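What follows is a pair of complexes built around chain A, which joins chain B in one and chain C in the other.
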Partner chain A sequence: MRRFWFYLGLIGRYLGLFVTVGVLASAALALVPDVRAPGPFMDRWQENLRVFLLFDYFAIDPNRGFSVWDVLLAASWRTGTLLLGALAFSLGPALILSLRIEQSRNPRISRVTAQVLRSLSNLPVLIWAILFMLVAFQFAGIVPVFSQIREGAGAAVAAAVILPILALVLGDGALGSTLDRFQARARDIGRSETMLAVRARGLRQGRFLVRSMVPDVVDEAASKATLFLSGAIVIEVIFEWQGLGWRIWQALGSVKDYPVILGCVTVVMALVLGAHLLRDVLRAAALPHLR
Partner chain B sequence: MELYLRGEFSHSRVTSQRRRRVTPSACMVVAFILSAGLMLGLPLALAGQAGGGNLVYGEREAMGSFNPLSDQPMRAVSDRLFSVLFEGLFRYDYEVEEFEPVLAESVQVEPGAGSALVRLRNDVLWHDGSRFTAEDVVASYEAILGNPTHDRLDIISLVESVESLGQYQVRFRFTDPLSDPERVMDLWLLPARQLRSNPDELGVRPIGTGPYQFQERNIEGTVRLTRFEEYWGGSTNLDRLEMRLSVDVGTMTTQLLADVLNLVVDLPPANLVQVENAGTHAIRPYQSYTIYTFAYNLLDPVLNDARVRRAFTMALNRQQMLNQWYDGRGEILAGPFVPTAPFFDPNRRALPYDPGEAAALLDAAGFQDLNGNGIRETPDGEPMELSLLLPVARQATGSAEQNVAQDFIDALGGLGIQVRLENVDRDIWEQRVFHDRDYQVAWLPWTFDPIYDISRLFHSRNIRPGGANVTQYANADVDRLLDQYAEAQDPALRRDLMRSVQGFIAQEQPYSFLFTVDRHAAARNGFVLPRIDPYFFFTHIRDWYFIPEFR
Partner chain C sequence: MTVFGVGMNRTASLWVGILGLLAGVILVTETLPPQRTPPPGTGNPAYQPPHIQWIRVFTYTGTRLDIQPVAAEGVGQDDPGGLAGFLGLDPGGGEPTGADQGTVEEGDTPDPLSLRSHQPSRWKHPPPTAVVGRTYRADLARLLPRDMHPRAESEAIWELLDGPPELGISSHTGQVEWVPAHEGLRGVHEVAAVYRVPEGEGIVVRYRLWVSGGLHPLGTNARGEDVLRMLVSSARWMIFPGILGILVAVLGGSILGATAGFYDGVRGRTSRTILEVIESVPGLLLILVVSVATNFSLPWIMVGVGVALLPSVAAEVSTTVQGFRKSAFVESSRELGLTDSRILWREILWLNTRPILARFVWYALGFVVLMEVTLSYLGMGVQPVNYSWGTMLIEGRERLNYGEYWQLLFPALAVVSVLAGCQFLGRRAALAIETGREEAP
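== the complex of A and B ==
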């Protein structure tokens, strides 16, 4: 029963945060003058709140050709894929390298690899994106934009999937900071008294090490999801990956599409808060004393 | 790839201890080598064209509603597609500078030109297979005349009524006599049945009579049109026309060079060199009928003096602006007409760049720096300060506007006038300039349609909110000349009248006319575009084709 109330409280806390941020975002959007929907601030805020709270996105607008819901669904799927890919490509290698460095007797290759990745990770996302785009085009004649996933073949499809994800992983120091954190944590665990006991008893160290690092991995995934969402806007524009960031950028064009902007903000908010909620739930499940 | 690596990792755990040590690191190395290989150029060519005879072109803005009679603002991206989906009774032909009949068979102007009788073609089908009749013309004009905010209302409001006289004949009645009634008959027509029963559906699934019919619009903003086999004008060369959305100009250019796109209709100057250097694509410059101006609000006490406005124009080094920010690809303007426009007066010279003369004009108008602080004062003793309204730039092409605006501020600063830049969102800019007239000086590019009707800008009847006379220019002589022009039949007289109008405008400078900038289409070699329409671009698409070996 205590556990039930704990999780209910956790969900309630994030739901409250979601609604609070949504209400504030609705107000912020109502502050932006919109000549197509003129009126006092309070009226426009109310309208935005109605759309946000009732999720009123299903009507097909002739100016868009689709409902906001259709647009959000397609965009969320794409951004979600990009995020998951980036999380897998950053957390996976960082975890493996950290474990190898801690466990191996001669971890030279792992150390060098980690160092190289850390250095590469210092460049901004924008630079990586442009670099990948240029290099793919100049040397392979490939334009790794999203439409290639459907219409291209072979290398063009692979490049259109992998390069945006790689740019996101390598840019803005994301991979470097994950490596630092995992390596430090693996070292701490490796030198802990519990680990000494594990070694003394001849138990499998790797298994213990991995289990001990689960909370850190979950924690890192949640915080990196937020970071990757910011980077995704740049990636989506350059690689024409028509996710939430691209949609916001496009909706801010000469013909403003405020319902799409509000919808995208709502979904981004839900993704960030959802990632953090998941982190708290998993941490609580893994570390009972937190409950 | 990610799953494959994971599989390898779990497999290695059940093998020897040594292999367990090596494999994960090796996997990492292999993964990154593979990724690097993709980046650094696996020598694989792209897939070829989507298919023979399919034209794929790029746009930077999404298509809005497909209903050309809805009250959405006219936008180039929409107009280009409308020009292949829809047709009007007449269409302006730039080469012969005349209207040519499209869905009309003939027009008979009735005595006094207060009305015109139009006979329609009887062999035209809508894209849904139904027959085009007089009722469709009546419904289309009723739709636009009933919409007080439509952009075309300045012209279409010259039509008082349209009545059906049988299945293939209509009578237009005009509010004033019109010598060239064809200019109000280029409205894109829609089927009466859908227009009256469900106009919103036409915004999503359009039905026209043009050579291409709507196939689909997907969530990514791609629009596909297919050849309309029952087209009354015969067959067309290209099977399909596809518009792809690409918000980043750099990415669009790369897609063009890699043949993902066959055509870009308006390549910014900054990206031209890259395409030119590639040597695989042809650049086609075309006159756009776009003029760049600074508009002055003539009801402002400072700006209602023509000497002040002339001084501003003479203080601007327009040639340098054009060279510096538009790569010199354009021409300086003396008035509202671009050199290829009808009624362009080649003898009229633009005001020279002469800051000394500009300062003298301001002195003569009573705007002098009497207290020696470097800022001129108005005759009332107030410091001479102005605001310049500029829409926020988002695209690469927009940065040139910012630079030109800064040049304006610097040039007037040199004359002792303080100019404050008001960077506002494009919606707000439109509202303040076109509806509220809440501005002093505004950056204002005008793009004219084929009719090139400058009376919209200068006739006092268009001072109304939403009208195009945003400077609130009112001159009884100009109104009279424009009215005479509308009624005149003789081309020489019309030319003389329009040149007289240009004389007044050059004298009074309600705008500082800066320059027109060439547009550039880029198409892959092997795609032949004998003619490009400067406004709608695709008007002559039926003559375009791929050379077979390049398909």
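== the complex of A and C ==
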């Protein structure tokens, strides 16, 4: 029963955060009058709150011809793909390199690779994205935008999928910080008494190392989700992935589409807080003393 | 020497020197009158800017003008071998060298539909400048692609068809002479020339002529503005509003972090909740919402950048304050009758966390620069009438299709060097802090 109340409290806490941020965002978006949102501040805020709290996204807007929900649904899976790809491409290599450095007798290559990746990831997402775009265009004649995935073939499709994900992974120090964390943790675990016992009994160390690092991987995935969703806005604009970030960018144009902005903010918030909630639930399940 | 907690060696002093120099140059350039050239053709109602059949030719550092036609009308083909053709003129009427002879060969017509075929010479020829006040001459025959007409080389008559008349191009017997006359000519000018041959045929070739006002170490943009000057001048969007962002991040972060780390009651919980709310929003999204809410006002956007940085500053301060909370000197301060607020703000925060905050100043400076560039690139920071590194990157990306790589390369290098400099100084600060702690008795 205590466990039930604990998890309920956790969900309640994140729900509270979600509503608080949503209400604040509704107020922020109501601050400036616009063609789409005339009238006094309170009226605009009320309208935004109605959209956010009552989740009024299903009504078909005659100006658009489709509902905000359709827009969000189409955009979410693209952003989701980008996010999952970036998580896989950052956590996977970082974990493998950290384990190899810890386990291998001569980890020189892994160490150098990690160092190179760490240095590369110091550049911002914006610069990586522009660089990849230019290199693909200059040397392969490919413009790696999202439409290539449907219309292109072969290398063009691969470039349109891989390059945005790589830019996201390498940019803003994401991969570097993950490598730092995993390497430090693998070193700590490798020197722990448990691992000494494992070595003494002649068991396979990899299994124990991986199992011990699961909480860190989950934690890192949740914290990187926030960073990647932030970087995804830039990536989606440059590579024309019509995801949530691209939608926000479009909706912030000359005529501001407030329901779409609020809807995208809501979905991004839900993704971030969902990842954090999942992290807390998994950690609480794995480490009972936290409860 | 110590600056903001950084123990300075030669390299660090160099970086600080560069930043100082940058700030100085900005202050100087701010006092100069704005240097904007109207787009080509404005002021002449009869002038119609040419459509796609533009031509490139260049500006750069002032030694040679190269005219390279890439499209022509009236000859039945989109690209009369012009891409490979490379025609040279020496300033002041000097004789072209043999290397500058046209290299067009029969049948050498790249596929006009292929993007790549239009860019073989992209990285090979650094674009020169046509400098105001100097004289440029060329043989007419050499301006005309040879395979346009069999008799063109010997019999064509060059005639200015359209283009700004004030440009000052004139043709004499067999030669074009051009003296870019005044500063107002700076920029790119589209010129169309007609070559008439005795049978009455006319061949129109369009050229793009670049005029600059002098030496441009980093080249010019399409409006003839100096890239170096733009780079230096754009830093004002980052440094002065950026200080606001840094202040919000460092002051707000230290107050919230200290309160969250020191107090357990309502004050502590409130600070932690505020930080949790900010932390749960992706940084760029928060800044975008702020920019919409404030109608793209740059100072407010920088305040938003500072708010996005609050959690990382606060987390560090909070950890440090928590470490000091149970330490002996805090206990003895309590015994001496000091109040909690005096212990927190003076004894812990002011005397013990300054080096950490100094490190964050460098980190925040890098973040502010990055955010300004990103927002301007997305069209939500500095608006196009003005320019910043972000808007220069957008323009550079577009101009790259015309082979003008310098407009993208140098702004990108500027961003990367400033970020690397901030990271370096941040690391130096962290190292100085570590060393200071180790050396402390």
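Just so we're on the same page, the second predicted complex is superposed on the first by the 288 of 291 C-alpha atoms of A that agree within 3 Å, B and C clash if a C-alpha of one lies under 4 Å from a C-alpha of the other, contacts with A are read in each partner's own complex, and residues count from 1 in each chain.
By definition in this document, a contact is a pair of C-beta atoms (placed from the backbone, for glycine too) under 8 Å apart; a residue touches a chain by one contact, two chains touch by 3 or more.
Remember, predicted model here, so these are calculated numbers, not experimental data.
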{"item": "Partner chain(s) touched by A:237 [first = chain B, second = chain C, both, neither]", "value": "both"}
{"item": "Partner chain(s) touched by A:250 [first = chain B, second = chain C, both, neither]", "value": "first"}
{"item": "Chain B versus chain C as contact partner of A:156, first or second or both or neither", "value": "first"}
{"item": "Contacts of A:283 with chain B and chain C, given as first, second, both or neither", "value": "neither"}
{"item": "First (chain B), second (chain C), both or neither touched by A:141", "value": "both"}
{"item": "Partner chain(s) touched by A:28 [first = chain B, second = chain C, both, neither]", "value": "second"}
{"item": "Chain B versus chain C, judged by how many residues of chain A each one touches", "value": "B"}
{"item": "First, second, both or neither for A:70, with chain B first and chain C second", "value": "first"}
{"item": "Footprint overlap on chain A, where chain B in one structure and chain C in the other make contact", "value": "32, 130, 133, 137-138, 141, 237, 249, 252, 256"}
{"item": "Touching residues on chain B, where the partner in the complex is chain A", "value": "1-2, 6, 9, 21, 24-25, 27-29, 31-32, 35, 38-47, 50, 61-67, 70, 72-73, 75, 200-204, 217, 219-222, 244-248, 250-251, 254-255, 257-258, 260, 394, 425-428, 430-431"}
{"item": "Chain A residues within the chain B interface of the complex", "value": "32-36, 60, 62-66, 70-71, 74, 85, 88-89, 92-93, 96-97, 99-100, 104, 109-110, 113, 117, 130, 132-133, 135-143, 145-148, 151-156, 158-159, 162-163, 166, 237-240, 242, 246, 249-250, 252-256"}
{"item": "For the chain A and chain C complex, residues of the former touching the latter", "value": "17, 20-21, 24-25, 28-29, 31-32, 122-127, 130-131, 133-134, 137-138, 141, 226-227, 229-231, 233-234, 237, 248-249, 252, 256, 261, 265, 268-269, 272-273, 276"}
{"item": "Chain A contact footprint on chain C (complex, rising order)", "value": "114-116, 119, 122, 276-277, 279-285, 288-295, 370, 373-374, 377-378, 380, 393, 397, 400, 408, 412, 415-416, 419-420, 423"}
